[in-house]
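In the two complexes that follow, chain A is the common piece, with chain B as its partner first and chain C second.
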Partner chain A sequence: MTVVAMGLATANSALTPEGQAGLLWVALVFAGVTGLARGFVLEEEQGTADLLRLAARPSAALAGKMLFHGALLLASEVILIPLSLLFLGIHVEDWLIFCVGIINGSIGLAVCVTISGALVARAGSRGSLVGVLSLPVLVPMIAMAVSTTKAGLGAAAATIGWQGNVGMLGWTIAIGAAGFWLFDAIWKE
Partner chain B sequence: MVSIRLQASGLGRRFGARWVFRQLDLNLAGGSVLVVSGANGSGKSTLLKVLSGLLPATEGSIDIDNVVLGSSSADVWPSADPKDPNTGIRPHPNPPPQAGEGVKESPQAREAVKESPQAGEGVSRNMIGLTSPELALYGALTGIENYRFLAKLRGQSTTVTQAEEAMDRAGLGGRGHDRVDTYSTGMKQRLRLALATQHQPPILLLDEPTAGMDDAGRKVLDGILDDQRRRGIALFATNDTNEYRYGDARLHLGV
Partner chain C sequence: MKTPWALLLIWLFMAVIIVAAYQAPPAEGFSKPEAARIIFFHVPAAISCIVFFGIGAWYAIRVLRLKLPLDDIKSVAALEMGTLMCVLATVTGSIFAYMQWNTPWNWDPRQTTIVAQLLIYAAYFALRGSIPDDRRRMVLSAGYAVFAMATVPFLMIVIPRVFATLHPNNTLISSAGLDPTYKKIFWSAFVGYMAIGLAIMRVRIQAGHLLYRLETERGLEDSGHIAATHRIYGADDLPLVDPAAGVAGSEGHRTG
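Moving on to the complex of A and B:
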């Protein structure tokens, strides 16, 4: 719906590749953050988190939720990406950079959203905290994802695209490692 | 009988400024069932959650066969004063059945054997089973799916047939393939018992296990307690005086 609305809103405008890259990631981040409510937050709200705590290793619970968010996001993208290409009139110049950037960014997004979700789930006023807690981990990832996609659409040099990919990979590893390291404390109380 | 010992030393838990219980010492050996009694709000459920690792202790330590499951730094919170009116633990009305076993209030300093939290956490998962009316189940899954999912999380591979047999033992035969959100309160409680005992834990924590249960359910519980006496230790939290008979000793928590 987000992509269709954006496509209709920009139907009579010629979007620049920079604008297209930005809008594409608005849709992808929206899909990723929507899944946040179905992860740890849902476990806490349903009260099933204690059942998980009793039976699962914390690292296994975190890895499972990361896989869930990753699978959910990739499944959404199967529909989202073709729709975006169609409705936003996106013309891809370098498919390799574009596809690697989307996959890399999605994995990073899944990792960031899962860890943000774990923090949000343990916080009292969940709704208002989503944005605040997600921002520091998501903003660098989104910035690198947009710059990589711009390179894929021909609006930036290929080297910038590959640098973005390396940066996203590094950020994902850093956030993921910090998440696994801190998760015991977040998960317990 | 499995040789196991559950010890808690100087255990305390507080929420905000209010101590739910404090300076609690436990020393339980295999084959014993301890009834934890007390009025609503006296801390029975909190104690079981702390022992299970779901809640951290504010002070004191817990260890199973000398592996520390949870300990808090004595530097963080001041030591409990036995004369403190907020202590929240009343003396046990009956002495424990055997020397060195049961519950006692002790002013002795806690001497926690510090080990890595990961080691304790692993011991907790493998050695403790907890059932509580507060423990929510996956309502969208069937009883058998809940059972198999939890078994998988515990690193066990369980076939559908094995899960069906467990459902039969819990008195849920014929309803195992139904979604849990269609279960009655008593049926959910039976499923919780099946989940708590699926890994045959040497320490079984039962928080008001008969809540909503019929006579047949209570018989299932009798069987589980008989098995648990052979397997290890059980703590049974209740405020029903008729259920004190389940225990060899009783710990009464005061408000």
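Moving on to the complex of A and C:
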């Protein structure tokens, strides 16, 4: 829906690669935040979280959810990205930077939203709070992801694209390490 | 030192800094050199904000490890000061941008990242406000504070160096950056900001202690479990309830 709406809105105008990179990441983040937020929240709502606590160590539960969310996001991107390329008229100049950037960003997105989802699931209020908590934290990653995609579309130098990729990797490691460290306390609370 | 005297000294110190800022020569290299003196107030606020966020995260880590409400009060107080410093840095930065670049906001990476930082800590306070249970609020918000701190190096250090920015980089550590007069006033202003922030934080912690004590004692008195205060309080420097003396045993026990 997001991609079709964007395609319709920009049907008669030529988008710059900068605009295309931004719109592509709007679609990816939208798909990530709305879909992935259901992970731990759904477990709490269905009452299966207690069973999960008994069956698995906290780190194993978090790693499992991250892997599941990452796979789900990458699977949805298999449909979303070709549609975006088609509807937004995106022409990729450097496929390697473009694909590495998308995979890198998707992993970061899955890690961040999974941890935010765990926090929200343990809080009383649910739903929109996932977006409130995860979107500001995602800003640095989205900024680096957009610059990487711009490089992939030929609107920035390849060096900037690789710098963005390294930055995203560092960000994901930092967020993931913090997440694993604090998840134990959150999950048992 | 008693808090009112400390506050008076800090107030005098900051008055001297303000006078010194106006006595400093206009900064060459800026489009309006006279207005560049705002860096004595803008940049120290930005650095103080990072320091207070760091202090808040440190106490949040202690909350996750020890689960003491006292650490939660300290963490919140530090994060509130960090947010206040962040607002000050944003406002003074906008004034500075209007003076030098003729627009208060131009989506420069540093302007964007400081807004993201403000949003992250606004989300922290939104999370706190959404959890009614005291203990769960303490642990979950501490978790988010640690999570939020992991983004600070990327927002404040990495992104402004990856993207083209109007802000100069490495001015404070480079020998070709600030001249010696500016350096002295600048770092004195930073010390002043930190002293003001720590003094306000101290008052906020005292108020937090008081509120917590009142709520805990009222709750325990109602349920007839006053002695349990000893187990859950955990403060080194606070008088606790003496079960024998009743609710207000100000000379009572202390716990480690």
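Note that in this section the second predicted complex is superposed on the first by the 186 of 189 C-alpha atoms of A that agree within 3 Å, B and C clash if a C-alpha of one lies under 4 Å from a C-alpha of the other, contacts with A are read in each partner's own complex, and residues count from 1 in each chain.
As a convention for this text, a residue touches a chain if its C-beta (ideal position, glycine included) is under 8 Å from a C-beta of that chain, and two chains touch if they have at least 3 such contacts.
Keep in mind the model is a prediction, meaning the values are calculated, not measured.
Colleague: Looking only at contacts as defined up top, I'd like to know whether chain B or chain C touches more of chain A.
Modeller: Partner with more touched residues of chain A: C.
Colleague: Let me test your reading of the model: by the given contact rule, A:L73 touches which partner, first (chain B), second (chain C), both or neither?
Modeller: After superposing on A, A:L73 lies clear of both chain B and chain C.
Colleague: Between chain B (first) and chain C (second), which does A:D50 come into contact with in this model arrangement: first, second, both, or neither?
Modeller: first
Colleague: Determine where on chain A the residues touched by chain B overlap those touched by chain C, and list them.
Modeller: The overlap between the chain B and chain C interfaces on chain A comprises residues 189.
Colleague: Hey, which residues of chain A end up touching chain B in the complex?
Modeller: 46-48, 50-58, 60, 184, 188-189
Colleague: Can you tell me which positions in chain A touch chain C when the two form their complex?
Modeller: Chain A residues touching chain C: 115-116, 119, 122-125, 129, 132-133, 135-137, 139-140, 143-144, 147, 160, 163-164, 167, 170-171, 174-175, 177-179, 181-183, 185-186, 189.
Colleague: Which stretch or stretches of chain B touch chain A in the complex?
Modeller: Result: residues 52-56, 117-118, 121-122, 125, 128-130, 134-139, 150, 153-154, 195 of chain B touch chain A.
Colleague: List the residues on chain C that touch chain A in their complex, please.
Modeller: 64, 109, 112-113, 116, 119-120, 122-123, 126-127, 130-133, 135-136, 139-140, 142-144, 146-151, 153-155, 158-159, 162-163
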